[in-house]
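Dropping the structure in here first, questions after.
Note that the chains take the letters A, B, C, D, E and F in the order they are written out, and that residue 1 is the start of every chain.
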């Protein structure tokens, strides 16, 4: 695949997840790899729906306690049509697999997102 | 909810995920809490589909590197109709969020499961 | 056990750990599960003293780096009669099993708690 | 403190935890640091009982999923007079703070220890 | 960069780290991404020496407790000219930042590697 | 080794990493152990260069997500002559082994350090 195709596909996924917004700073090498490879090559692979990619990304971020990234990806998940109730249930469910603190922190982040997107 | 209802709902979820099998040893207190509370109270909550509960459980187990439990829950996930390709894509995707080793170990476990269920 | 008994036992444990305080918001489903199941069913199980449950909860929260929850549970631990010195020794000890950063962060949180409870 | 004192205190703690056994290979630098510093300097500090040091070490090893080390330290914990029931309750309790897989693996290791020490 | 260039650079890095060996199974999509992206795009980036990339990869694998991958990457590290003593010192050092169990397991893996490469 | 030697060597390492600064509060037992043992005994061991000790410490702190400690140790790493580019490459590299969120947080911390030291 030509590099320009990867770039465009990465920007398209980003738009599907979070809508129009500021252009990413592609002069930053980590952001460049994120757009070209992570979004352009990986998120666009066939075989797993975008909504499911969002869902497992959020579950992973809850389990790893990565709150800043969880906040971003929960917005993407809600933009795929996943409901507030589904997000809250995800946290209650994961309390039992990743431990209560991950869920307590996750539900706090989720409610911040609900407010910001209200 | 009466305790006998929780127990029955827990056993029903277990059957949906893994089919008929040996009866769980309910004299073991951790197994009792697992059937009555985790399966009976939590997995049966409305608001998140069983297939999605399976999916986020598997993602969490990949991220936390819990291979024995991943093996069990991948079987449940495949029994919900999720395909081999979706499972493999989940691992490639999560390589980028939980780190390459989680994905390499996860795909190895998945292929063991594919063989056992073939 | 009837649901009302679990609820009452959960509220009683909460009071033993943190004294009287605001009533928990039981309309929040994660809090409801916390009071009824985690406090009502688990913390009240016989076979392990409340003080030891507090102690291992705090050690786990240090190891997992969950500072907000550590703060809450350190208050409960001190309310069980564990001394400031025991808490500080716990951190120095765990530095060697969970890594220095967990202990440095843990001792910072502990000293915030010591001040708030002074 | 003279180096020979640290060494002796470390060997004494080791004996309290696990009884007489093979002499540690002090020509191995990691083992030397373990005996002299971790056992000799840290485990012997006043202000936290040996039994409590064992207990929080085991809780941490459950939370971090370090099964080989958990096996060793559970033996030390039982040798301090902690009961099988207390160990099993610790696992059920920690399931909720470190996640179910840590407890399931922990209780499996504990039962191996119970058998070996029977 | 053309895809064939990424592929070739990835295979070249692999050879530098582990010498000639079996050809990787590029029909496996995770291996394909590993060769083309992780080895071809990332390990070949200018600005950080191959030896340092190996070193920080090994430190990360020790900290995360990923023993199978640590074994592979320690071989690569030794092939960059890092000595057995440097590897053992890395483990003793990291005991203090990632916790003793990571170091104990890491040094065991390292000695297996030393034997296999002797 | 006499205790006063360990103390002096620990203070010397601290100075090499971070220059002159406030004297550490040696009445704080965790700081005392840090200076005497971690810096005095461990960081001064022969067999691994100070620059490499800094590098693997930073990699470990990225992987474990310990941002406060990463900030401190990145300053020490830059003071060993490691370049901004090497630090940024470390983060992009570790994104693939510890997961993207560790790298995103790590690069944010690094840029704060770059500014503070400019």
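Note that in this section a contact is a pair of C-beta atoms (placed from the backbone, for glycine too) under 8 Å apart; a residue touches a chain by one contact, two chains touch by 3 or more.
Quick caveat: nothing in here was measured; it's all calculated off a predicted structure.
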Every chain in contact with both chain D and chain E is listed here as A, B, C, F
Expressed as a multiple of 5 degrees between 0 and 180, the CA superposition of chain B onto chain F rotates by 180
Greatest Cα-centre separation from chain D belongs to chain A
Maximum distance between Cα centroids and chain C occurs for chain E
Comparing which residue numbers chain A and chain E contribute to their contact, where sharing over half means same and under half means different, the two sides are same
Note: chain C sits from chain B at a C-alpha centroid distance in Å of 29
Here the gap between chain C and chain E, centre to centre from mean Cα coordinates and rounded to Å, is 40
Note: chain C sits from chain A at a C-alpha centroid distance in Å of 31
Expected list for chain C, residues touching two or more other chains, is 29, 33, 38, 42, 45, 60-61, 64-65, 88, 92, 95-102
Contact graph of the chains (line, ring, star, complete, other): complete
So, in the complex, the side of chain F touching chain C is made of residues 29-30, 33-34, 38, 60-61, 64-66, 68-69
Per the touch rule, the chain B residues reaching chain F in their complex are 95-102
Residue positions on chain C within touch of chain B in the complex are 1, 3, 29, 33, 37, 41-42, 45
Per the touch rule, the chain D residues reaching chain B in their complex are 65, 88, 91-92, 95, 99-105, 107
The answer for chain C against chain D in the complex is residues 38, 42-43, 45, 47-48, 52-53, 55-64, 83, 85-86, 88-90, 92-94, 96-98
